[in-house]
Amino acid sequence: MPNVPMVEYDDASPDVRAVFDEIRAARGSDQISVYWKTLAFHPPTLRRNWNAVRETMAPGALDPMTKELLYIAASVATNCDFCIEAHIAHARRLGMSDEMLGELMAVVALASGANRLGVGYGVEPSRRQ
Amino acid sequence: MPNVPMVEYDDASPDVRAVFDEIRAARGSDQISVYWKTLAFHPPTLRRNWNAVRETMAPGALDPMTKELLYIAASVATNCDFCIEAHIAHARRLGMSDEMLGELMAVVALASGANRLGVGYGVEPSRRQ
Amino acid sequence: MPNVPMVEYDDASPDVRAVFDEIRAARGSDQISVYWKTLAFHPPTLRRNWNAVRETMAPGALDPMTKELLYIAASVATNCDFCIEAHIAHARRLGMSDEMLGELMAVVALASGANRLGVGYGVEPSRRQ
Amino acid sequence: MPNVPMVEYDDASPDVRAVFDEIRAARGSDQISVYWKTLAFHPPTLRRNWNAVRETMAPGALDPMTKELLYIAASVATNCDFCIEAHIAHARRLGMSDEMLGELMAVVALASGANRLGVGYGVEPSRRQ
Amino acid sequence: MPNVPMVEYDDASPDVRAVFDEIRAARGSDQISVYWKTLAFHPPTLRRNWNAVRETMAPGALDPMTKELLYIAASVATNCDFCIEAHIAHARRLGMSDEMLGELMAVVALASGANRLGVGYGVEPSRRQ
Amino acid sequence: MPNVPMVEYDDASPDVRAVFDEIRAARGSDQISVYWKTLAFHPPTLRRNWNAVRETMAPGALDPMTKELLYIAASVATNCDFCIEAHIAHARRLGMSDEMLGELMAVVALASGANRLGVGYGVEPSRRQ
């Protein structure tokens, strides 16, 4: 159980229900995930976060698959267990293969280790050298 | 100046020089970056890290551009100023446009904010629900 | 179960029991939380941490509610699931409303996302510009 | 110098200039900070981030001062040097005293240390106990 | 259950089985931990990670116990619950006492708190002063 | 320049001067580092932090060198550039060799990378399996 009560569709206020309807339409499913039901605890956050997801993850100079991979990478780096699981599932629905996931994790692990060497040894960006 | 002395090519031991030669060949440039000259402080780390970069960043199920974008995303998330600058430069050499960089940063910022909502509200992965 | 055995009040050494007594008095409850029973694994850490909590969280230029909100914010940012839950409960006892919690999470999420843009784009503090 | 070119007001596109005008009005100053001039590199991110700042930091159940303190706390916890400096300046303009800043830092340091004890000893939230 | 299926010894490909055999020999036990069975999802990562563990954790200028303690410290600082538990177990097999573990956690907590004071107050390394 | 004014010995209040005197005696030098002069901005934090350093870093079940190495490891993992530099200097004064520093960084980098694999693949501690 999360730290705050979840809001179910049938109990939702009109503004929360409006976001839930957009999520249902975008996902092509009547189910609302635990994440969104929890965010509905604070309706302005739900609205702002959903808008940001819709705008940011839309196709642009980067395709939706690449964006999902980047989202997973950031979530692994900043420790959000739920987010990792949820966005691995999203990426799989977009066609991410096992091999792609394996290479993604390998790059994140490589960068995380190498970052520590850069930070630990005090290597500075050129603007500070 | 880093926290440890850098090793210049001309002063390098044979095993360090061997790695430097591989880096020069791979980068198509005689210049060795501050990062690698600093890592040469501990030759086994230089060798291991270079091998890992070469293997992990090579084309596979993910193309080199996608891998660079993931590397940048992980470096932004874990705060390595030097790494961010260096891998933005790598990605630009592979053809990353301004728009691609802007969208990458937008996805990382989105995920970082949304991760905190997931963690703060205590949303758990399904394996723990 | 934590990674180390918890110390129950009845099995506690005198120095641990002294801290437990202070916690009971401060909390107005005989119950000792899992956190403090676990910290008792290393009595000097229990003593130091409890003293620091008592001193730092006492009313000062900032009131206890504001301090609890800051504690939650820092715990969300650094991923301590237990700490988030415990300090949300503390803040609720001090009168934190749902709306206050929602706005707190919104600010932390905003800052976390915006921080990544600052770090990713390499914006420096004025002392380094 | 940041990792991307900054956009000056006079060179800005109409949509960037519109955001800059809102920032100038809100801040009561013609100066645009390095942060916003850098974010203008990707106009949709500038717009989204500015909207989120304006909405999230507005007075609500928490007053603007408390929100600034929370913003500083999150920025200290996630290592954004620029953000810390900028939001300390914002909070000072709202009347933050030296003593308030000192207590803020003390709470963040306390939480950061105590979080590591919770995580290191494996103390779980009650939903998982 | 992890986010990816685990590979059991009997179902493993020859290259995975080769790593598993090395782990079994090094650990003196037929059991393969959940970690390694999960890493086998992407065989090159399994191989690279195992090689790195074997080389890096071997006796050198630092003894294996000190290396395990450092590994635990880094895992506590970067929030890997599984890693903390696993490496506490490794260190205990090498003879780590309760008192050593308590002091380790105390140092990590001290550094984590003090780091936030350094970062929050903007204390710079001497190369930037 | 830090985000707050530093306190020089000659301008210090008696309680700050008392801490400075203890630091001078412990370090065997009249110089007070930038870190402590900055912490003096909030005297109770200076006092609490200095006491914690003195107690925690004293010889115990772990020797002072091992404690310094752990302090460096935690500082590298949580990104405190000043702290890394300062504690590398402390450790060198205690006799840390180049090889020891190189192995320390290698272990931290290994753990940081491997932690991401554990977190990304969702490997759970045994208490949650």
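Letters are used for the chains, namely A, B, C, D, E and F, taken in the order the chains are written, and counting of residues starts over at 1 for each.
In the analysis below, a contact is a pair of C-beta atoms (placed from the backbone, for glycine too) under 8 Å apart; a residue touches a chain by one contact, two chains touch by 3 or more.
Just so you know, these numbers come straight off a predicted model, no measurement behind them.
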Chain labels contacting chain B and also chain F: A, C, D, E
Minimum number of chain-to-chain touching steps separating chain C from chain F: 1
A-E or C-D, whichever has more C-beta pairs in contact: C-D
Cα-centroid distance, chain B relative to chain E, in whole angstrom: 21
Distance from the mean Cα position of chain F to that of chain D, given in whole angstrom: 27
For chain C, residues that touch 2 or more chains besides their own: 1, 3-4, 41, 44-45, 48-49, 52, 56, 74, 76-79, 81, 84-85, 99, 102-103, 105-106, 108-110, 112-117, 119-122, 124-125, 127-128
Touching residues on chain D, where the partner in the complex is chain F: 79, 84-85, 88, 98-99, 101-103, 105-106, 109, 116, 122, 124, 128
Chain A residues within the chain D interface of the complex: 1-3, 44, 48, 52, 55-56, 125, 127
Touching residues (chain side chain B, partner chain F) in the complex: 3-4, 41-42, 44-45, 48-49, 74, 78-79, 125, 127-128
For the chain C and chain D complex, residues of the former touching the latter: 1-4, 34-35, 38-39, 41, 45, 49, 52-53, 56-57, 60-62, 66-67, 69-71, 73-86, 97, 99-100, 102-104, 106-108, 110-129
Chain A residues within the chain F interface of the complex: 72, 76-77, 79, 81, 84-85, 105, 108-110, 112-117, 119-122
